[in-house]
Amino acid sequence: MSDELDQLPHTEPVRDPGLPEHQYRPTDVDPAQDKRAERQISGMFTVASLLLVGFCVAYIMIDKDQTFLGWSAMNFTLGATLGGAMLLMGVGIIQWAKKLMGDQEMIELRHPASSSAEDRADTLKQLNDGINESGFGRRPMIRRSLFLSMGFLALPTVIMLRDMGPLPYGHRNTVWKKGMRVVNDVAGTPIKPSDLQVGQLVNAEPAIMYEMDEEGHPVLHGTELLAAKSKAAVIVVRMRPQDISPAKGRENWGVDGILCYSKICTHVGCPISLWEQQTHHLLCPCHQSTFDLADNGKVVFGPAHRPLPQLPLAVDSEGYLIAVSDFTEIVAPSYPELARDQKRLDDKS
Amino acid sequence: MRKLSTRRRHPLAGIAVLLVALGVVGGVYSAVAPEPAKAATASTQDVEAGRQLFLIGCASCHGKNASGIETKRGGNYGPSLIGVGAAAVDFQVGTGRMPMAKTAPQAPKKDPEYTAEETRQLAAYIATLGAGPAIPDDEYTDTSGKTAEQISEGGEFFRTNCTACHNSVGAGGALPNGKYAPALDGVSAKHIAEAMITGPQQMPVFSDDVITPEDKSNIIAYIQQVQDQPNYGGMGGGGLGPVVDGLFTWIIGIGGLVIAAVWIGAHGARVKKK
Amino acid sequence: MSTIDEQTNIEDTAFGKKAAGPVGWLDDRLGLAGASKRSHLLRKVFPEHWSFMLGEIALWSFVVLLLTGTFLTFWFVPSMGETTYNGSYTPLNGVEMSQAFASTLDISFDVRGGLLIRQIHHWSAALFVAAMIVHMLRVMFTGAYRKPRELNWLIGLGLLLLGLVEGFAGYSLPDDLLSGTGLRFVDGLVRSIPIVGSYLEFFIFGGEFPGDLIIPRLYMVHILLIPALLLALIGAHMILLVFHKHTQWPGPGRTEKNVVGYPMLPVYAAKAGGFFFVVFGFTALMGATLQINPIWVYGPYNPSEVTAGSQPDWYMGFVEGAVRIFPNWESTFFNYTWSWNVFLPGAILPGVFLGVGAGWPFIEQWITGDKREHHLLERPRNAPFRTAFIVSGMTAYAVLWIAGGNDIIATQFHLSLNAITWFCRFAFFILPIVMFIITKRICIGLQRADANRILHGYETGVIERSPDGGFSERHAPLPVGKQFTLTNHDRLPVLEAPPETDHNGVAVPHGRMAKLRAKARAFYYDGVVDKPTVEDVHHAEEHLRDHDGHPVELGDEFQGVSETGIPRVH
């Protein structure tokens, strides 16, 4: 070591004094300390054993409804005994290493990560022998056709993923249809305009979500229902008619100041119902896009780009709110074909 | 606030106010307030006492005849209280939101300025100005006999209509420009019901025709359930969700384990001689 | 050592005699002894420093994840099939939900210890990623990624990326309201990918969102695909660590050609093994006392429900923040919709963070032209540009974190949501620059302080009064070991402009690149203080000798503080 250091050029302002002399721990020199550490460590292991037995006792004895400090007693006791035991075992082992195990610092020499020139030459020779014996270099036809087939191997790998899902279909309709009733979410009850006061918000759904087929089963259920909801959920709000400034063509989309908008944010699709009845602003809790419901769902803040789609409303013969048609704008987050689909939708209407 | 308003204590409001109020109410609210006011039980003394309290404490913002004061820009200094009903008064005054201490994005909850008796009198007075929702009774607020099914049904209504603003355990949430949906812990059943019926400040109205009184009491029962039930897993972080979990991860988790690493790597006590 | 006379050899013990047969049998077939001797594994030396244990937190968290995750799979049902809940948690009785959610409720309320294991699993997932980041910052700040460790740095980044995806997949599995909201975001993000977005969406979800396949698919990814990749990469990470031998801090006796520390057996086997128990125990205590992800209050996923304070777990917070503050850009051309407002912050920005991280060792190497192997770590102050660069990256990341929690910050600190958003929009660009400048100045200041301590000694805290009444503080020389430690780093390279023409007057090829590189190098080393030269030290010594008394050898009577600032005790 020191020989090597002496050969270094003396350009450094301070020369390496070398490893300092080893200093001993109290446990190395004082048998009493040594004994004490030993007792301390085995004490930790013993308590850990007791805690682990306690874990089993708690598992058997504690009822899962019991509480402790307003927490589940089971969860707390099992965690505290298990965690305490593990922590004591860990601390004990580390303490053993720190206080009692060998303490002499050791030196290991490093070698460059690279192989020696000799090793490289040897390996290269072996590689060349292998390649030459295979004739890989001399037989380009075999080589190229092998590469070709390997390239083609990618095809089945990719094509096998084809049935991961259907191809995206064109315009994504919602389940809203002309004449479908707007019903209160959860309860499924139809809504009359007179049920709504100015400043009221109703979280609503299309009536089909609460309809039963002939056999008495829901028409939509499970993930089918979720998929329908993720596009068709709406909010119905009532404002003073004079506060609303409908866009051209939308003058008749409301009923006495009652308007219906998609509940699905046009940004990334969170359901939005944080409606401020005085400012008429609707806030998305996920990324804070804000829409003005008195102004055709226009974006007034945040990362959403497209206004919130509005559902044209009317009243049926029994006086309940119904949809005049499906949405005339694409609901839910944007996707690459949106512009094309929107154009088709515009052409249709 | 009440002291400030004393100079407005003119004996101008009287029968004329009542007449004006009734006229406005008849015109605007007959269509939208299908339920008749139930305030008829209050005595005339209560109404008169309420009127006096109103003129002292409320008229400076809401106008001597409670029809509101408009600002020069056309906004509301204090909105009209005609037809808001006893429920609105009981909520706003009973939770200390009114009278407002200072102009702010929204009136915060604070210790009530008025006693329960005074609040009742104020409510009685406002209720006479126009038909509006009455203070909700046991039909809304009695949750003692609720079954698990009813509570669970209330939970479905709560998650659909309430959690978006008030958070899934009622911890509250942010609204634009400094406004917020307040936390629901410690809010009485009556005040929750009143808020749903009247739609205070930015909160929308949830009328009885859409969310029935029984639904409302189920919602209240569910709120009480989630707030009273144990935090099964331990300290809950105020129900604020992953942001608090992240703070705990870094401060307690990484903090604690880095301390352990420092201890493991520490050189420990040394002595000079063997 | 006191135990030296009690030494016994394992082959002489009763256990050793019994084990000799089976061990010999194994060695006959595997040649273990030879392999162990060649790799010097049992007595491999590891240097000791607390910051070298940070990666271990991540490693042990991963082991905890494997153990607790296996337990959870016994009950979890990865299905989106519809079911009606009728378990112990009555407030959800009769509610329609997926089997995934119902089985997670069962784990939480009907399997004894299930909630504990779930919470340990979630806490250690959060800790796994956090520890990886802390470890990564240590490696970055100390230049440990330099040659020959660049590949291990890339493997580490791969582990971090996989950790994020793994965490996200796990977050989505219970199918509660937060998971579903997170998946909804991913659906929006996938859709926003230009041209192929819809195809990817339909292939990933098996149709339109949510479909009924995403949870089984994520389950496979979560418990098989990514854990297998993580295990493989962790293995490679460890093998390279052993092959390169651990880096060490400069100090007396520590050179680029050696490693000084304690042997793997017994010291590090005990310290590292013990640390596993500490990590597990600590996480178990967190699971016992801190509630995480109470899915029962969120309720089952329903696309028309959401809760205020919907956030991803912390490690996705920076993406969430970027998505929140990004302007609402969306454009239409070539008859396609391009959702920049989601695609850029959601997909490109994390890619930029990762790309800069992956490229940094190579960029730095290109700027400095340093092709040597490095095994001695560099103190952050001695690489001011690097340190400032990392701090500015951390600042940008932190701004995104704030943006990701803007609603919580708004309600807890009574601030305006919109004001926080606007603040973050500007701060993302301005604060990193400010922090770069501040950090660099601090580093250079610390370098100057180091040079002062070498040349003029350290301040002893002893104030002396000169005959003419002036007060001065007595300085004392640093111990030689300390002086060496402070100077044991690279001297600044000589910066010179590259020649524009070769000796024949012909323009040098790649002249523009060389110029750019010279500029980058000048910026990289700008203002950096070089360590004192041999002459500086001699000069300072002579200077001090002339001025009587500064510094002096310290006798036993000396009452000031030691070089570490601790008062001397006699």
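Worth a mention:
Letters are used for the chains, namely A, B and C, taken in the order the chains are written, and counting of residues starts over at 1 for each.
Heads up, the rule we're going with is that contacts are C-beta pairs under 8 Å (C-beta built on N, C-alpha and C of every residue); 3 or more make two chains touch, one makes a residue touch a chain.
Model, not experiment: these values are computed from the prediction.
In this structure, the chain pairs A-B and B-C differ in their number of contacting C-beta pairs, and the larger number is found at B-C.
Closest chain to the protein centre (all Cα atoms averaged), using per-chain Cα means: A. In this assembly, the C-alpha centroid of chain A lies 21 Å from the C-alpha centroid of chain C. Between the CA-based centres of chain A and chain B the separation comes to 34 Å, rounded to the whole angstrom.
With each centre defined as the average position of its C-alpha atoms, the distance from chain B to chain C rounds to 45 Å. Among all residues of chain A, those that touch two or more other chains are 28, 71-72, 75-76, 94, 98, 185, 203, 271-274, 285, 288, 301. Shared interface positions of chain C, i.e. residues touching 2 or more other chains, are given as 109, 115, 119, 271, 274-275, 278-279, 282-283, 286-289, 291, 302, 304-310, 406-407, 417-418. Shared contact sites, meaning residues of chain B that touch two or more other chains, fall at 153, 156, 160, 164-165, 173, 175-176, 181, 231-235, 263-264.
Chain B meets chain C in the complex at residues 105, 148-149, 151-153, 155-156, 159-160, 163-169, 171-178, 180-181, 222, 225-226, 229, 231-237, 239-246, 248-250, 252-254, 256-258, 260-267.
Interface residues of chain A, counted against chain C in their complex, comprise 1, 4-5, 10-20, 28, 31, 34, 59, 64-65, 71-72, 74-80, 82-94, 96-98, 101-103, 105-110, 112-114, 161, 164-168, 172, 185, 203, 205, 221-223, 226-227, 229-230, 233, 263-264, 267-274, 285-289, 299, 301-306, 333-340. Within the complex formed with chain B, the residues of chain A that make contact are 23-26, 28-30, 67, 70-72, 75-76, 94, 98-99, 184-187, 189, 191-192, 194-203, 237, 271-279, 281, 283, 285, 288, 290, 301.
By the touch criterion stated above, chain B contacts chain A in their complex at residues 31-34, 153, 156-157, 160-161, 164-165, 173, 175-176, 179, 181, 199, 201-207, 209-212, 215, 230-235, 263-264, 268-274.
Of all residues in chain C, only 48-54, 56-57, 90-95, 108-109, 115, 119, 122-123, 126-127, 130-131, 134, 177-178, 271, 274-275, 278-279, 282-283, 286-294, 296-299, 302, 304-314, 317, 404-408, 410-412, 414-419 touch chain B in the complex they form.
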